[in-house]
Each structure stands twice: as C-alpha cells, then as structure tokens.
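For clarity, chains are labelled A, B, C and D in written order, and residue numbers in each chain start from 1.
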Amino acid sequence: MKPRIIGFLCEWCAARALENLAFCHPELPVGFQPFRINCTGSLELEVVIKALTEADGVLVAGCPPGECHFREGNLRAGLRLKALKRVLSALGEDLRRLRIIWLSSGEGERLGEEIHKFYRELSLEDRGS
Amino acid sequence: MRKIRLETVSRIEGALSLEIKVDSRDNLAGISWKTDLFRAFESLGVGRPLEEMPFLTARICGICAEAHHLASLQAAEEGLGISPPEGIRKIREAFGLISWLRDHLTVLLLFSGPDLESFPSPDSLSWLEKTGLWDLFLENRKHLRRMLEIVGGRGHLALGGIPGGWGKKISSEERKELGERNERVLLLARKTWELYWEKTVSQPFLWPVQSPLVALSPEGSEVLVLPPGKNKPLRFPLSRFYETLVESEEGSFLKRINLPPFGAYLVGPLARFYLFPSPDFPLSREAHQALKNIGEPDLSRASLFRAYEVLWAAERLKHLLPELPINHSLSFAPLKPVRKQGLGAFEAPRGLLLHHYTFDLDAVIKTVKIITPTAQNLGVISDCVPRFWPYWPLTEEKNLLFEIQRFIRTFDPCVPCMVHLLRNRSPRDSSPEKEGQRKIF
Amino acid sequence: MKVKIFFCECGGNISENLDLKALKKELTSSGTEIFQHPFLCSPEGQAFFEARILPGEGVLVGACSPHLHGPIFKELSEKRRAQAFHLVALREEAAWLGKKGAYRRAMGLLKGALRALSYYRAPVLKKFPVTEGLLVIGGGIAGLSAALKAAEKGLPVYLVEREPFFGGKAVFLDRLYPRLECASCLVSPRLSALIQQENLHLFPLTHVFEVKGRPGAYEVTLEERPRYVDSERCHGCGECLRVCPVNPPAITMDPPHPVPRAPVIHAARCLHFRGESCSRCKEVCTRKAIRFEQTPRLHRLKVGGIIVATGFRPYPAEKIPYYGYKRLPGVITLWDLERMFTRQENIYGFNGESPRRVAVIHCVGSRDRRHLPYCSEICCSLALKAGILLRERLSAEVYHFYLDLRLKTPEGEGLLRRAKEEGIQFIRGQVAEISEVPLTPEDEGRLTLLAEDTLGSEQRVWAVDLVVLVPGFVPETGSEEMASLLRLCPDRFGFFSPREEKTAPVETLRKGIWIAGAASGPKDLSESVLSGEAAALEALLFLETPSFWAETDWIEWEDRRCGRCWLCVEVCPFKALHIDLERLKVEETLCCGCGLCASACPSGALRMKPFPREAHLQSLEVLFGET
Amino acid sequence: MKIAVHNLLSCGGCDPVFFLEESPEFFRKAEVIFWNKVKDETLKVFRKIPDQGIEIGFLCGAVKSPEHEEVVRLFRRKCRTVVAVGACALWGGIPGLLWIRKEGPRPLSSLVVPDLSIPGCPPEGSTWTVYLQGLLSGRPPGPSEEPVCQECPRDRHPFRLSDFKRFPETEPESRGCYLSLGVFCAGAVTQKGCGARCLRAGYPCLGCYGPPAGLTARGERLLSAMVSALVPQKATEALKNWRDPAGSLYRFDLATHPLVRKGKCGRSD
C-alpha cells in the first residue's frame, strides 16, 4: 500500500497556506491528500478516527491561537484533539500518527516543511512516497 | 482407554464441556473440563475507577451479580476507610437476601429440579409444568425482579451501591410493596422446601463430605472453619483467612485454592448450615431442626439445604423490611483511599465470595483478585470425583454422564464466576488451535 | 441527483500538470458528465458554464482556489437553480503540488467531492427586516468620522464614548505628521460638527452593557456613568475649575476642545464624595449645573448596525523594566509628550530642568517576541515629528534610536531631511538600558543610556536629560470584552479581524457589525478617518435597505435525537442558540455556520449544512477505497 | 415453536432464562431444542437438526473462540430467526475492554447478521418484552434514535465545566444533569428504552443500551462534548486528572471501535 497522509486543512488559514505554497510549485509527497474543512472546530473526532483508521498519518492544521475566524474553533479543536490523544494512548495507539499544527495563511513554506517532516518521522519515505 | 465426551454440562450457569478418560478396567484415568468462558475480569478491572467496580464486577456473573456487587462495594469501602451507616447496611442486606431468593429458587426449580426425577430427566420447563409450580414460580420471579428494582434500581444485574452509600431511595409505598411481594415469595419458599424435603429425604445417603466447611461469620468480620469430625469451628479474622489461602497450579490453567493445613474446603449452603446458629423464625427453625436430625453433611442433599435457605431468607427479609430507611439521604465516600487495598467478603448463594483490590492514591484499580465460591469448591469436586467414581453406573454412557452432571450440579457451580480459576494467559503462549479453550482440570 | 463536472484548464496551469483526459475517462465511467474549458472564469467560460447547468442538478467545479472565483460559479449555479454546488481547488491542491502525486490527489478530491455532493443540503435564503439606527462604539477620530457621515445622511446615530470627552487620542496631538500642521485646527471642526448634528446622539462616560438581537435589529443597553455636571445647563465658563481645592483637581475639562463643553467631576478625588462638606464648585456655578445627586443611567436602544471603533493604546512601556518608565524621572512616552505640548506645559528632564539632550527611542516593545512581535508602522512618523518639535522648541540635541525607519507618505522623506539638517542624530540600534547612574562625574543629574549602534557595530553610551519612549500600538483596554459582547474575532494580538483583510477591510464576519480605526490594527489619523468613513458607507448601504437576504439555516436540529443537555447553547461562540420551551432555536442571523455546536453535540442532534458529518466520512471512505 | 438458546462469551445474565416471567406464554408453548440451562441436550443433537428447522435462536454473549464461531454459524444455519441478546452479543460488551491488550472478544454481529438485536447489559424486562412481541407480531423493532436523556429525570441547563468529575465526587443530592456536573454520563450517546434505570438509581448512565440508531462514534462524541464544555483555562488540568479514558468512553463497545477492528490499536504487554 502506498503511504497516505490526510491533511485536514482549515479553510481560513492552512488551506490558504497550501495555496500560497502551491504558487511555488513544490514537490509534496505523493500520498499527501489535502482535505478542506470549514474550521478545525467543526472537525468531528469521528472523522479524525476514520482517517486514522485508514491512513498512515493524519495532520490537522488550524489557525494560530487567538486567530480563529470563528472566535474559538481552533481552541476547541486543540483541546479535543489533545483529549483524543489521551484516549488513543490509552488504546495503545501510535500517537505519532496524529499531528496537530497551527499556522496562519502566510506560512505556506512551513506547511510544506511540516508535511515533509511528518513523512520522515513516520518513515513513510521508504515506502515510496 | 476410552474417552467419554460431553459437550455441554447442562443446567448450570455457564458453558462447560467434559472429557473423561476410562481405562480398560473401567477405572477413572482422568477427567478434564473445558470452557471458553474466560473473560479475564481480573485483568479487565485494572485501570478502572474504584467506584465503578461494583457495577463492572456484577457483570462477572448473570445469576449472582448482586453478590459480586456487594462484595465489591465492601472491598472499595475498606480501601476508602469508610463504613456505611446502619440504614444503608440494612438496605444492602435486603438487596442481598432478595438476590439469594431469586438465585436459589432459580437453581432449585430450573437447574436441579429435574434431578429430583430419575434418568432420563425432563427439561426444566416441562418439569415445572408437571410439578404445577410454573405459574407460582414465574409469578414470584416477577415479584423478585420488582423487589430488586425497588431496592437496587434495576431488576436484573445489580445496581444501587455507591461506595459509602446507596443510590436508590425507597419510598414508603415501595417498602410496603416489598412486604406484600415478599409474602408471596414466602409461599413459594414453603412449597419449594416441602417439595425438596419430600423428594430428597427418602433418598439414600450418598456422598459424605470429608472436607472442612467454610463460611463467613454472620456479622461478616470473621471466617469460620469447621474441620471434618469437629463440632466447634475455628475462627479466622477475614484478612488472615484471605492471606492464608494458597493457590496452586493444577493442570495447565487451573488454580486450586487450599486452606493450609486442611487443603481443599467446601463453601456454600451445606457449610453455612453447620456453621451458622439456628434461626429464630418459625418456619425456618422447624426446617433447621428437621435437617439437623438427618445426620452428617451429605453432598447429595445439598439442594435441600438450599431450599432451607430460601425459607430462611424470606423470613429474614420479612423481619428486615420494616426496618429499611425511607428516602434515606444520599452520601458518597470521598475517593481518597486510606489504604492501598481493600478486601470484601459476602456469603453469596453459592458460598463465600471474596473481592480483593489494590489501587493507587486516586482510587484507580491496580490489581484485582476475585475468589468465587465455585473456585473454592473446585478442589473438593476434583477430590471427590475419584472417590465417588466406583458408585457411578459405568455401563451406560448416557446414564453415567447424567450422574456425573448431577454430582457436579450439587455444587451449583457457576462457570462465568470461575474467573479466578484461570491464569491470565498472555497471547503469546496461546496455540492457535486451542485459542479460547481453557482446560480446567 | 445528476452531477455535472466542470474542469478548468486554467490556461494550461491545470491541464499541463494534470492528466485531465485520464481523470475524465475514469470519472465518466461512473456515469458523470464532464465538461472542460480553457478558462472557466473568463466571460466566455462563465457563459459556457451557465449554459450547461440544468435546474435540480449538482455542480462540481474543478478549478482554482474557492476564494478566487468560487462565489461567481456558485452564484451562476444558483441562478440556474442547481441543487448542489461544490468546488475543488484542482490547481492549488493537485496540479501545483508536484506532478508525481497530482493525479492521485485530484482523484481523491474529485471522488470525495462527488460523494459529498450527495449529502449536500442547501442553506436557506431568508429575508430579514432592518431597523435604521446605528451604534458607534468609540468616540475617537474614526468613530466620530463614521458617526458624522452616517448622521449627515440622516441616520439616527448613537455615539458611545467611555471617556468624559469625545475626540479620543487625536485631541491630545499637538502637530500632525508630516507637515507639522496644527492638529486641533483640523480635528476641532469635526468635534464641533458633532454637536451640530441633530441625528447624532452623544453618550459620553458610557459603556456598552449588553447587546442582544440580530443584525438589522440589535437591542443595546448602554450604561452612562454620572458626570455630576448637567451638560445641558453648563456653558463651559470654567469658573468651577478654578475653585476646586484638590490637587489634581477633582473637576476637570482636560482637552483643548472639550466636547461636550462641560466639566466632569471625578468622584474618587472629590471632597464632597469623600464625606467632606465641600461644594465650592456648586456655589460658584451661576448656571446651577453641578449635580452631585446624579446616578448611573441605563439607555436602551434599537439599532440596525454597529460600528466598532474602540481604538488602540500605546503599549505599556513599564512592562519593559530596563527603560525605567514610571520609575525614573525624565523617562516619558511620546503620548505624555504630546499631552504636554497640547497643554503647553513645561517639559523637564531628569534633573528637573529643561532638557538639553533628548533621546527618542523607537520601537518600544515593537518587533520584539517578548512584547509585540509586529511593527506598528505609525510610530516612526510620530517619533520623527516629536523629535523635530523638541529640537525646534527646546533647542535640545535630539538623538533617535531606531531599528528601521518606516516613514509614510511622499512628504515623509522631506521631513527626515529637515530633521537631519537641523542636526538631529539617528542611531540605528537597540537601547539596552537606561539608568540613573551618571556616566562620568560631569554627567551628574543626567540619565545614562546604553545602546548598540548596529551601523557602527559597537556599544555606546550617552548621557541624556530626557528620554521619549515611542511604544507600539496595542488594542485599547476593554476591546476583549467588546469582542465577547459582540462575538467578534480578534486576531492573536487582540485587534479585530476584518472579514477579508484586503477586500473587505471594515466588514466583520458578523453581518451588521463593522470595524473602524485602529481597533483593527495600527492606523494613523488619516487612515482612521478613512476607515471610519468606509465603515459608515457600509453601514449606510446596509441600514438604508429595509431588509436583507441572507443564507441561513446552517444548522439542523433533530428534536428526537436531542438529549437537551444544552451544551450547544453554551458552546456557540456567537450566542446564536437559545432554548425556547425545551426546543432549540437558532437565531439565523447570528449563526455563522462554524459548526462548533454540531461537533460538540453528543447525541448527534445537530448537523451542519451544506455538508454534514456523513459527507466528510463518506468522502474519506471513497478516498481510501478508490484512490 | 421450536427454539434454541445459547450463551457464548457472557456472564449468562442475558440468557432468556431471566426473561421467563416476562413472556410466560411464549416459553410455555416453546419447544426447547437446545438450551443447556434448562435441558440435558448436547450440541451433537443440535447439529442434526435440519437447516432452518428452528424458529427462533437466541444467542447471548460475544465471540472469542473457534467453538463460539462454530456455534454462531450453526445458529444462523439452523434458525430462521436469530436473536442477539445483550451488549456482549451486540458490541462485545464489557470484556471488549480487553482489546486494550489486543485480545478481546468480538460481537457476534461481526460473523453473522442477526435478525433482531436486543440491547442492554442486560436488557430490561420491558425491553425484552417489546422486542420479542414485536418479533412475534412480524414487526421487529430496531434501535431507537432517541437518547436515554429523554427518559432521564435530572434537570438540564446550559453549562460549562472547569473540571471532570467521577460521580461520587458530585454533590450527592444534586439533581443536575451529570454532564453538567462534569461526569462522563453516557446518556446522551445511548439509546433510550431502559427507562433511565441507572440515573433513577443515582448512577450516571454507563451506556449499556448502545448507540441510538444512526449514531456512530459515540465515545468520540461524548469526549468531544465533555471537552467542549471545559473552560479553556482549566482544560489542561482537567484532562490531566481524567481517569480511565477507554473505560469511560467505550465501556461496552470497544470491540466495535474502528481502530480495534482494523487491528490498529492495543498494546501487548
């Protein structure tokens, strides 16, 4: 199976960061699949679990603290995902597979770096990304 | 050498299969029991909050859930350093008694009822119909379910207990209702006793007990041990008794429980009868007297002792119900353990039940040990099989299997309860073809 | 529902990086009709697009980012009464992220979107009536510009100011950058105009207590603190100011052009309120305007919209201990200096004499990770102006310590030249410390300033008499409460974020609420006026229509699934949910469709539109299943 | 009517023997083919029954061993209607928590599709009656969409939390919704039908009736709700003090969790 990472990208920051990055025509790992969401606060944990069940890694990228388009969606998402990590660790799941980052729309390059770093840390490159 | 296989031991709680090896001269060469019922409650409890244990452990056994519930509560409370107020204790006692009644009546009228007939026995439902007890039995099961619901909140599989208190309040109407329903139960109790007395007492004396009898003292702080042939029981403080028990491995997955220096011992109605004082209630005092006169402890008559206990429990309940507090105020124990462990004991319908937990300072479980009546009686069963072997009809296989099952049923074993019998196997040493199958002995 | 897919080649941007033919082939096999156009956003492309949509169909566009042409395509498909619409950024999320993965990514996006479309639930367009009143919060230059413009057009405007006088910080400016013209000459006519406007209702000493209702129909409660002076009676003679025995006086009328022209009594200092029997001001007042008996008053208003112009405040320089502000005499901020200038007070240095050498320190707190990581843009100009004034008025030697000089407007450079010609020194470097320990015995009575001269690459020490700190801008105190009162979105520094920074700078995410002035980030006077008037224009456009259409119904509530824990009511960042007889009501105009309630609802009674959770789950399902 | 009953991996508490008094006429008329709790009969005999020869087969408990699997398949073949009874049969039940250590049981629905699923640990008598009567009258009920909260007598108001609590840490006589007290009460993610028994007996809902129809990921939903209620400043501390995440979210249905089914979780110690 080709490795796959799902990137849940907040419409207002991370998705735009990806667009900014796209203008530079980067070479992102083949298995990286962007998935636009309205706000990290609307991302249901069930969807994250679904992605974790099938994908090798799940990246959730939302707006930096205090910058949420919807006031506190990112804050809630951060807490929920933190709690979910506690649950995953209680279930004996590999926590590295779920990564949460906060970045603003201007940080396209950083998003690119984070994606590559995620691939490296999960050793997915060996599987032919 | 031939093998006799029985896929399911019938009319007991849980699924058990049996394999008997017989040599060419019809001597018993070995008997092994198997069950797929290992649910590992002892490891499942680890990491759970202490206050949830009474609920969780009630799911060890569908038939004696209330006993586990109460033993578990006590273990939790010992660790938390609290003892519930008098009123709560009375509610719990009532709860225990109702569950006793339901358990014993179910065992007597469904599981071992057909054993009163000769081979081949009918199924329980037809037997009940034939005996004319069907309607009365079901009516009373309904009463008992409702009574459990009134006292504990749920009619089936226990609830109610919260460390330090009791969650379900009882209104004065409900208490009245309890009394009325108990009167009906008492009626069935009498009929059951009479039926068993009539059918059993004429039977020959078969299986004398040669092991010590063990029961929790009525006030619950001590364990009474009556060695064979003695009249006066030895008394152990509860924790001493628990610490004295020795587990030895027998077979690949069996744990046998011995009480040094006696070895295997018997718990349950028989033990209680010989260890407890005679009752003050009219019907059960009379029954007690009658039983006293029939002689030494005999396993073949265990059900009769069970029937006596039904009578006693209904009468005890009758006296207890008016004392139950009405709409008691709720109180919870703070979840701050004063000890790192707690031991709870309860005289379950099948005998002495022990729950032992250790936990951390946040009252989260670290280890669980549950010693059930069946686990304790297993030593006696395994010692008795070769002893009684020569008396069983070997010529006809069906008949033999029936006799063996009947023998097993006298102990009223509970397979789901045998949690402690089995070592918690790590997945590594399970061989794929035997996955899920645990040899008991 | 039949779905049609439209691919935009984007003039090769998409088609050269992505095998559209192969995509088409794979997707057509599942029975979907696919169209392709070289430039779907072109007028011709739009016509092509529009012509191919039939009522009731679903539309999936694979083009560039939804931010760019998304609204146009959506509008067109709504016009054609398509049942569902979705757009995926084939260009940014597939074509441009590397040729190798482009096809797989595109397939994931398209198949996911196709599946999601079958769960599409269109939001509902609804009409809401609009009340015409406008509330302007903040009586600084931005707020009053907005209020004036709106009132001029005939709107009833309610201008609320927390302080006793209108005009904000601008009234305490002496001269204006870059031409050094008289500030009050420019600001005061605007202030005077406030009183003239009859549609304009002024609420000084007032704060917003509660905001209820919805866009077009807000119910606002204001709380006005007592002034203890009846501004109707007072004609501002100022007799009372002279007789107050307290120092500093308990009755004041600070600004050079006070509006309203009536003093205010500060109860905390006033002897009358401290239990002593002083009533000198009252005795001296011929108009009998002193009213010790005044109490706070509540005002309830109905307005259709709100402009937030709460402004900024200078970063508190005392948070940076090594500058010694509020600890060392002779260390002041630019804003202290401006105030001294406007009041024509004497300016003293460290030793209490007129300063001979002055240091102006730029970027106090700014561009510093520990304080303000951003540049406030305006302060360099303000600092330069102050330096020139100090030089010209006090003949002091002036040293500017700066990191980068950012001067705005074409005249900025000229002003810098003038400063240099006047002998003002510019040292590029960060000030490390200001101390009272004299540099040499001769410098007794002066402050010692240690700085790194990055151009000269050395650490240097100066002896100075006066230090003027030029702090960066932060949002005014109380803007956080305002944010939560109005459910606005502050950025990480606390400034209010506009809906779109570049294309909708005065709009907020909330319909009917606009932002003006430095509340949305540092602005100079002209920019503040500009944004104030822009906000007024937006407000006028909105409030002058009797009603507006809005997409609503973002949230579906299923009665039978609801456990009535009412967590959603508390969780909603926009207070759009409330309970009405055990049923959940969504205030449609307040709901922004963020989905926080749906993702918090335990029993799944809340679902989002247009794509509920099943759409996401199913998108993932096909994505994993088929690509 | 020919019936067969068997317990797989279970406590035996869902066995129809406990529901005799709820459906006396049904059991009186039933012809018991195989039911080891009331009849001396072996699987051997059961295997000889012609396919579809039994009207109703009741199965309780979860599946762990190959023998269990065999029985489940046998039941599916021999019985025209297979009724799964209880949380273990439906979702793996409490022993499903063993999946934390990679060796739990599976629900029987992972092997065959039952015709009727009676929820509960154990089902209330009334639930048994409703389901059985529905089945006999040809209208077998499915799970309800409504949560236990609709039967819960406790008071509800919008709330925020500054901490999570274990239920004995709450004010004993409090009448407020357990969620609002910070307790992981499963009522909102559990289908109604039990009459909120536990809640009426002073316990929070532990969730034994399983998810309402159409509700997936109930553990995650409960978690999301509880975390969403937390005051942000207190959240880190509250999460740190939260005991037994797996037990409080997946008490009866860890075996059906997608990560478990995929074999992606559980540690072997």
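As a working rule, a residue touches a chain if its C-beta (ideal position, glycine included) is under 8 Å from a C-beta of that chain, and two chains touch if they have at least 3 such contacts.
Quick caveat: nothing in here was measured; it's all calculated off a predicted structure.
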Contact-richer chain pair (by C-beta pairs counted) among A-C and C-D: A-C
Gap in Å, rounded to a whole number, between the CA centres of chain B and chain A: 55
Gap in Å, rounded to a whole number, between the CA centres of chain C and chain A: 29
Between chain C and chain D, centroid-to-centroid distance (C-alpha), Å: 53
Centre-to-centre distance between chain D and chain B (centres being mean Cα positions), rounded to whole Å: 25
Multi-chain contact sites of chain A, meaning residues that touch two or more partners: 44-46, 50, 54, 72, 76, 80
Chain D: positions in contact with at least two other chains: 100-102, 216, 221, 224, 228, 244, 246
Per-residue overlap in chain B, given as positions that touch at least 2 other chains: none
Chains grouped in pairs wherever the two touch, ordered by label: A-C, A-D, B-D, C-D
For the chain B and chain D complex, residues of the former touching the latter: 6-15, 36-41, 43-44, 47-49, 51-52, 55-56, 59-63, 65, 106, 110-111, 114, 120-121, 123-125, 129, 134-135, 138-139, 141-142, 145, 149, 152-157, 159-160, 162-169, 329-335, 362, 364, 402, 405, 416, 426-428, 433, 435-437
Residue numbers on chain C that touch chain A, as the complex places them: 65, 67, 89, 91-93, 96-98, 100-101, 104-105, 108-109, 112, 483, 487-494, 497, 509, 571, 573-574, 592-596, 598-600, 608, 613, 616-617, 619-621, 623-624
For the chain A and chain C complex, residues of the former touching the latter: 4, 6, 15-16, 18-19, 21-23, 25-39, 41-47, 50-51, 54-55, 64-73, 76, 80
Touch list for chain A against partner chain D, complex: 44-46, 48-50, 52-54, 72, 75-76, 79-80, 82-84, 86-88, 90-93
For the chain D and chain C complex, residues of the former touching the latter: 145-150, 152, 156-160, 177, 179-180, 187-189, 212, 214-216, 218, 221-222, 224-225, 228-229
